[in-house]
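Here subunit A shows up in two complexes: once beside subunit B, once beside subunit C.
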Partner chain A sequence: MEYQISSKAKRTIIATAAVGLVLFIIGIATNMDSEQFKTRLFSNFLIDGFFFFAMALGALFFLALQYATETGWSVAIKRIVEAVASYVQVGIVVLLAVFAVISIMQGGYTEVHGHHVGHIYQWMDPVIASDHSSAQFDSMIANKAPFLTQTFFWIVTIIYMATYFLFYKGFRKRSLQEDIEGGTAIHMKNFAKGALFLVLFGYFSSTSSWHWLMSVDPHWFSTLFGWYTFGGMWCTSMTAIMLLLIYLKKNGYLEKVNDSHIHDVGKWIFATSFLWSYLFFSQFMLYWYADIPEEVIYYTFRIDNYPVIFWGMFMINFIIPMLILMSREAKRNPGILMAVCVIIILGHWADVYMLVTPGTMGEHGTIGFLEVGLFMVFAGIFAYFVLNTLTKAPLMPKNHPYLDESKHHEI
Partner chain B sequence: MADRVIYATYDDDHTCLESAKKLVADGVHITDVFSPFPIHGIDPVIGVKQTRLGIVAMMFAVTGLMLAVIGFRYIMIQDWPMNIGGKPNFTLLQNFPAFVPISFEFTVLFAAHGMALTYFLRNKTLPGMPADNPYARNTDDRFTMEIRLSDNHGMSSDELQAKIKQTAIVEIEEKDYVQIK
Partner chain C sequence: MHKEAAIREPLILGHKTYSDITEDVCRPIEGKAPKAWYIMFGISLLVGLYGIGCILYLLGTGIGTWGLNKTVEWAWDITNFVWWVGIGHAGTLISAVLLLFRQRWRMAINRSAEAMTIFAVFMAGLFPLIHMGRLWVGYWVMPIPNQFGSLWVNFNSPLLWDVFAISTYLSVSVVFWYIGLIPDFATIRDRAKGAVSKKMYGILSFGWSGRAKHWNRFELVSLVLAGLATPLVFSVHSIVSFDFATSVIPGWHTTIFPPYFVAGAVFSGFAMVQTLLLILRKGMKLEAYIHTKHVEYMNIVIMVTGSIVGVAYLTELFISWYSGVEYESYAFINRATGPYWWAYASMMTCNVISPQLMWFKKLRRSLLFTFFISIVVNIGMWFERFVIIVTSIHQDYLPSSWSMFYPTWVDIGVFLGTLGIFFAFYLGFARYFPVLAMSELKTILKISGESYKDGSAPTHDDHGGGGDSHTEAAPVVEEKVAEPAPVVEEKVEEVKEAVKEEVKEKLSDEEKSKRVSSLMEKLGAGDASNADDLKVISGVGPKMESTLNEIGIYSYEQVSKMTDNEYEMLDSITESFPGRAKRDDWAGQAKELMNK
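Moving on, here comes the complex of A and B:
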């Protein structure tokens, strides 16, 4: 419609993805012979698949939140949120494909010369989970059987994905329909659907993260884990929305979006950074204080083997948004915001890396060409898909009941 | 000579805002506006500066944080180290996670109370202080502009009144300015 992907943006995206692909192939070629190669490869697909899916899912959640709370100010940026959320369609396919391959590999449990070198979902391995006569049989995993089995994993995963997909499609359809029809019937329907989505998402975001991410460490559990990953996902989606907003403003679109809208999204980034840091610390402190060996191993292992990434990502995701985004002026300054957003995205990628890699690869995880390359490929696909969705509809909704309020938003 | 003041009263916040814009464009200096609730967007029109309450909040927060650190360092580490769950109790840094919640509480407590008290003091609205709104209905449904003659040297009282009367006022009154507090 009114927005077209400029040739410069297209070139940048293709160049990013191409450079990423080259780095990824270099990474594969140089690591092919290592014992951890298979684990490393699939860990990375899981990390990037989840990270970008979560970025879109956070935007879908934010959209539902705006509907359920009947928020006025965000109407002018609604299409941006929808565009970021639209990646869930690709994210679902990618993540399901990754899960399918891991399932076919029966969790990817790898042994070299009789010792364990890595796994993705080790509970998927029938020998470990149910063969009582085997030396590898793990009674702790076997005792978690109703939850940690392939059948249950796939049933709930498909329910989650179907719910996310259908709600995205529904919100998008009604949003475009509203442009044509107007009135308040669609608005009230969005209100009800938004509230319903929040309830479902409240359960699903927790339970899905237990299955998808926490189960790479099948002996360990944390009830806070779901909120923790949710805090990170919300924060990254707000940064994605902000980056897109700044990009569009810079190129002369969205003339009705003013400093106050930018300021509000900036506040969200600030607040969600705190939410994430709060949950990080809540989880950390409880284990640190109780100091029960089977629980605290999760943290001691990370602190011993990945001190730089573990503490570094906490500092980046907590200190930088806190100090830089605290003042009002910073939240209205596109340059500062852009820099902070890019840093936060990298920081939260490192967070997801910390969730997966120490569990799958033990102490052998590194960040090299493979990691950087695959991240760039995914970033390219994400950016292209999101911009492509933006071209499909007018950037400003037409008949939303609170449109006028949003146009005159001033704080 | 005692200062004289004109009180122009409106019955709608939007009219008041539009009239303020018009008067300011005419060169009238509006000293203050009394209203039952905040009128969005009037601050820059009548030249009220951006609040510095945020800086005050930061100062109170840092004070609270420092007090907390001094407090728990002296009480829990220096003076009487206590063994709680076998946590390192002779070094502040290693035991710091245990003190993060209290640091947070102190920071928030000081920032919140400090901000509220500063706000009341600065606006002179502590409980028991006399109200300075010119009319009782300013707390209900009337919006009053205060225009002091001493702030508008270029204009006579009549000129000012003539300009104000062009806007949609419901009342206008000129009297000696009385400093309430």
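Moving on, here comes the complex of A and C:
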């Protein structure tokens, strides 16, 4: 097909992943003896596994949104969105593997002086969740049993993953089919499937986040948690789409994509950053204001032990996009956009880090070679897989009923 | 240059010209109001006056005339306040958020929705003012230094944030609405015959002259205001939700409140827009501009926001159990099974189940059904606030103080009164203001107008009729008729050819003239000397007029005699727009025009 991964891109990706791997191994070697090593390793796989999966899933959501709302302008960048979404296939496998290992190890604890500590999911450990005679038994967690059990966790997780996988496959298949067949039948089907996906995703994005992330702090709860993680997910996906778009434009592809399209994606980054900040503020302010101990502990713990990461990621994810992307010119300037996107991606990674690490590692969490290395390995795999999907189909869709609107897009 | 795909449904039905838009919007303002308007206005005014009477009685007697008691010290008034503020969300959402999303269908509904927003916010503001007791020192809610008699306000209180949020929202909404009105006021000014109305609309239009520079500034300001108004749409109801969520009351203190209140507000706001617009389009004959597609879009918004609200209800319910906080669980069990179960049941059916019916295309395109659901949703959203407020506090931590809340006649009277005042305002608006954004509609006429999309419009634009020249021209001149996507176009052409051939085969010239003469027999002969302007009939363009004249139809009287039989005959003779005449009820329209 028209797009080929250039040897330069290949080299860069392999170099990133290789350097990452080396750092990761150094990280392992230097931390092997620490008491928290196992927890730290699992936490990182959960963080990166979820972060990159969510990036792809957000793109799948955006794709469905474009179909369901019959949006015209975005048709010309449809293949880019599909490419980012295609990583869900890898993301699902990775995340399921992480969950499987944690499940087999009953929550991934370390035994210290006969005590089970450093769980990823405390509720998976029978000593805590179901053994009434144990000294570590926690009735609060036990009371959440019908929801927080391995059986239920796995049933719903498989339903979520199967749904995401099948919808991705379906959208992609029909997208390529439309190139050949034309007509409006495929378009109407995409419209219906898009709406259906949004409904399922509307439920799953919340319920899955409770199981996968919120249960890391099994005592704590927040009704907004699901929408909050969703907001971050969506924002990150838009930055990934933007980065890919700019990369392809720079290399002379996508001649029909003009700066109005880029401006529009930039607006989405701006808007979703605000959405995330709004949800962050809503959850934070209400718990801070009411100051109920079992609720506010979540924030006081983070502020006391991770002040730099906690406040830093809020500043990065809110202030930077707000100040820089406010102006129209910035949203049309590839250099500025590229820089902002990279910063936002790091900022939202730190957000996911904040969702997981304080719950699993307590006050011992740090960012070192291990974290940086694993992130780079994942980033390399993600980039390679996404670019590889791009090589499989023409970059510009054909026969989409709104293609003409998109080609003549000007704002 | 903008393109619009052929498969998108047209937003302006029939063949309309720029002048038609001006005529259709200005006609109700320039003519006499129908009897129905006076009746509705009278009733609203009476109910409103009754409400004002109740407020005065309340002020004279004291807040004890409300049904509040020591446990439920916040009930009916705050419910109404939140309900009205919620309704006041749709207008600015439509004009600001949909502007940013470049939704062209908003242009037919934004003006009246914004008016509704502003009136609804007025009504909302009344309740806290009354509740504070002394209306005449209402300005004490502002941070005024102590020497003016008030106490410095408490900035920690979300109730004060409400004051700032709502007053900012109201002022931006009013400015936004008014800016949009200026060019349309100028059009009315230029057409006005009476000296008084010319003067009045002249003042209102700020000396608008329609020059390029004016349009340039106009569009710039609209965009900036849209950017400002969008965060306000979110902030207002988020802050209203903080009134409850910042507290430590089970059932109130939950983090999902801000976004879920916003979704609920949009939900109820759109329902109210539907209720009002379905009446307005009929009463003011704006069916060509606000038609099934607009209603369908709004129903989809109702469905989506209704579903978001539904997800939030279920999330709250789940977390109340998951949290393990027994008071939290009790609050929700009490809602569903306690003495106010009927309020909870109404809320659930009206808000969660009824919008799901909009998944059926038939239902969401049915105007009657939409009207019914829009009222159901507004009832449901009123109950939602009642459930959140009253059932969360009537059985609190101390069982000995548990009690029930029953509204008194004053409670009910004040609420009815706000409904009356609201409708009176709205009817006044419909009478004296351009209810559609004329200048904006003109920008989409040639992109989304039916006759421009299907190519039946004459290629040379006919500007005649209106008589108003410079404000008439649409700001965007560069628009061209959309080129339909190639595949669809081919299909359409194929079908058209097939239809034409079929008709031709059936109808010889001889047959045609026979039909013409039998048609004329029924309608009576007419002549060109006393011809009426048939273009006034909605659905008749200049092309159709000349066709009718060719047949021999010149006057309203002739058209008014048409029945289904004649429509069919006419269709077979003209071979264009089958079913058009019947759908638009030409005879009925002509009858009315005759009586004018």
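Going forward, the second predicted complex is superposed on the first by the 406 of 411 C-alpha atoms of A that agree within 3 Å, B and C clash if a C-alpha of one lies under 4 Å from a C-alpha of the other, contacts with A are read in each partner's own complex, and residues count from 1 in each chain.
Keep in mind that, in the parts below, a residue touches a chain if its C-beta (ideal position, glycine included) is under 8 Å from a C-beta of that chain, and two chains touch if they have at least 3 such contacts.
This structure is a prediction, so every number in the text was calculated from the model and none was measured.
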Simultaneous placement of subunit C and subunit B on subunit A, clash or fit: clash
Partner chain(s) touched by A:Ile297 [first = subunit B, second = subunit C, both, neither]: neither
Contacts of A:Lys144 with subunit B and subunit C, given as first, second, both or neither: second
Partner chain in contact with A:Ser327 - subunit B first, subunit C second, else both or neither: first
Touched partner set for A:Ser222, first subunit B, second subunit C, both or neither: second
Partner chain in contact with A:Ile246 - subunit B first, subunit C second, else both or neither: neither
Which of subunit B and subunit C A:Glu410 touches, first, second, both or neither: both
Partner contacting more residues of subunit A (subunit B vs subunit C): C
First (subunit B), second (subunit C), both or neither touched by A:Thr184: second
Contacts of A:Asn399 with subunit B and subunit C, given as first, second, both or neither: second
Residue range of subunit C overlapping subunit B upon superposition on chain A, of 79-87, 97-105 or 205-213: 205-213
Common ground on subunit A, meaning residues reached by subunit C in one complex and by subunit B in the other: 285, 289-290, 410
Interface residues, subunit A side, partner subunit B - complex: 281, 284-285, 288-291, 326-328, 410
Subunit A partner contacts - residues on subunit B that touch it in the complex: 40-41, 54, 58, 85-87, 97-98, 100-101
List of subunit A residues in touch with subunit C within their complex: 70, 72, 140, 143-144, 147, 182-184, 187, 199, 202-203, 206, 210, 221-227, 267, 274, 278-279, 282-283, 285-287, 289-290, 292, 294, 399, 401-405, 407-408, 410-411
Touching residues (chain side subunit C, partner subunit A) in the complex: 1-8, 100, 102, 231, 234, 238, 242, 245-248, 253-259, 307-308, 311-312, 315-316, 319, 322-325, 483, 485, 487-488
